[in-house]
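Dumping the structure here so I can ask a few things about it.
Each chain carries a letter (A, B, C and D) given by its place in the written order, and its residues are counted from 1.
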Amino acid sequence: MFIRFITTGGTIDKIYFDAMSRFEVGESQVKHILGEALVAFDFDVVSLFRKDSLDMTDADRSALRSHVENDDATRFVVTHGTDTMADTAAALAGLDDKTIVLTGALSPARFRSTDAVFNVGMAVAAAQVAPPGVYIAMSGQVFDGTKVRKNREANRFEAVE
Amino acid sequence: MFIRFITTGGTIDKIYFDAMSRFEVGESQVKHILGEALVAFDFDVVSLFRKDSLDMTDADRSALRSHVENDDATRFVVTHGTDTMADTAAALAGLDDKTIVLTGALSPARFRSTDAVFNVGMAVAAAQVAPPGVYIAMSGQVFDGTKVRKNREANRFEAVE
Amino acid sequence: MFIRFITTGGTIDKIYFDAMSRFEVGESQVKHILGEALVAFDFDVVSLFRKDSLDMTDADRSALRSHVENDDATRFVVTHGTDTMADTAAALAGLDDKTIVLTGALSPARFRSTDAVFNVGMAVAAAQVAPPGVYIAMSGQVFDGTKVRKNREANRFEAVE
Amino acid sequence: MFIRFITTGGTIDKIYFDAMSRFEVGESQVKHILGEALVAFDFDVVSLFRKDSLDMTDADRSALRSHVENDDATRFVVTHGTDTMADTAAALAGLDDKTIVLTGALSPARFRSTDAVFNVGMAVAAAQVAPPGVYIAMSGQVFDGTKVRKNREANRFEAVE
């Protein structure tokens, strides 16, 4: 079993720069998370972008889709900012024979209290178990990636019809 | 979506008693893990045992099976010690219409570095996505619960034929 | 032994607001830190400000000085942002019979990796052991509060002549 | 400013061996703690023993005393199990010109919730600020090392007359 991880930025990888008193996207925490999780499957991590998801463009989404399409792997976990995660999921729809799970975090992985580790765990399981398609693993749930939205007020993901 | 969590003890819930310089099974960390994960689905946690898995008896496994069988829920996550997790999975086989995922940890959930949070994340995703059956979510993988063993030397779970 | 803690904000208490993708000063982490440290002395926590230290004004420093001066306590730990911590230390000089230790953090207390807990530990010890005066406990050291500066480039505090 | 750290074992450095379901003294966490604390002073760590403090013998205490006596350093932090920490403090009394602070933890440093980091912070401050002598930094307090005991029932250190 092999999973390709593709990191694009987002809150999950935010770090704090004291000098400027602000957050920026830092090095991906995915390898660290997989190491602590004592995983015993083959994987590789590709860092494609380091962006807030509000800064992801159509060109970025096309580049991501091409990357997945041209990759021999069939299972993908994509870490992504939460605000436009559903848009990127939509842009990845329709790739036959690929199980693609997007995930991220509402609280940075570098925090003591974070949803990042749990979310990556969900995504890894869904990438193995779910049939080909695009999914979003957030808020404790594995959603159809084309039928989900972030409810910003409630700070959670929820299914839409 | 509703998941019933059943806790039985094991390393995942170990605490340290300084007075005796030893570990014992403490209160389950599952609710704490789900809270940090910001999950937004309905769940309930039943604490059935607080045992090292080496102390789980056939009677315990029968009691667990009865509990699952008589429960209206269809999705279950069972936290369990790792040494006999596969035995308990075997004892839960053959229950129609129930997706049962066993998980636990090689390092206690109360440690700074632990596989517990990731593993519960995997189990929660598998309980939603996998067809009815018994599974073990450990070592980054979702195994058929009747075809997996703990490799104690390598400290990981692996598939068996 | 009694210590009065006064919190004024700063990086130590920063939280992350996903909705705005930015950090703000949150509720003080001092009580949480003292709880985990299993301290067994009497203390009280006063939250005076919730400010980045760059926003601390002369009026704020006067208010802080008055607060300390009019307080019956003789031992104080003041949590504070790092950028102007030395300015506030200077503004607290000359209060007889009071041992005042300022501390804070270069990395927020809510992070998995933070200097906050260690720094508060240093400050608590210095408030007990040091003679009356003003001190800064940062970068593993207890400095004379009137002879220290933050070296922003090196991201550490250092003594000045 | 230079501090010599001497590690002797104890709960602070306990790790969990899943294979045997028990705790043992692992590699010292002191360097890790100092690294996270972003300390900027010179130090060196000597690992003298890896023992539960109940296993510390008179010969061990003599060896520790000799080590300190023959060391050029004047500031020491000794990490130690809590049960006999006061005995070891007594065995270190009477060394002129040396400030020796013993500390440890009631909960292992590898736990998410631990007093270890705070305690080492207290010890580092006391080693700088306190006059020559032997001290114990535990339970949020810096005690005279010859006038303190562990109250096992209350799980804290307290002064004795």
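In the analysis below, a contact is a pair of C-beta atoms (placed from the backbone, for glycine too) under 8 Å apart; a residue touches a chain by one contact, two chains touch by 3 or more.
Everything numeric here is computed off the predicted structure, so don't read it as measured data.
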* Number of steps on the shortest touching-chain route linking chain B and chain C -> 2
* Asked: Going by the stated contact rule, which chains contact chain A and chain C alike?
  -> none
* Chain copies touching (chain A, chain B) - same or different residues, decided at half shared -> same
* Asked: Upon optimal superposition of chain C on chain D over Cα atoms, what rotation angle is obtained, reported to the nearest 5 degrees?
  -> 180
* **Centre-to-centre distance between chain B and chain A (centres being mean Cα positions), rounded to whole Å** => 25
* **Averaged-CA centre spacing for the pair chain D and chain B, given as whole angstrom** => 38
* Structure fact -> Between the Cα centroids of chain A and chain D the separation in whole angstrom comes to 43
* Structure fact -> Residue numbers in chain D touching two or more further chains are 106-107, 112-113, 155
* To do: Identify every two-chain combination in which the chains touch.
  => A-B, A-C, B-D, C-D
* chain A to chain B touching residues, read off their complex -> 1, 33-34, 36-41, 106-107, 113-115, 117-126, 128-130, 137, 139-142, 154-158
* **chain A residues within the chain C interface of the complex** => 11, 14, 16, 18-19, 21-23, 52, 54, 82, 106-108, 110-113, 152, 155
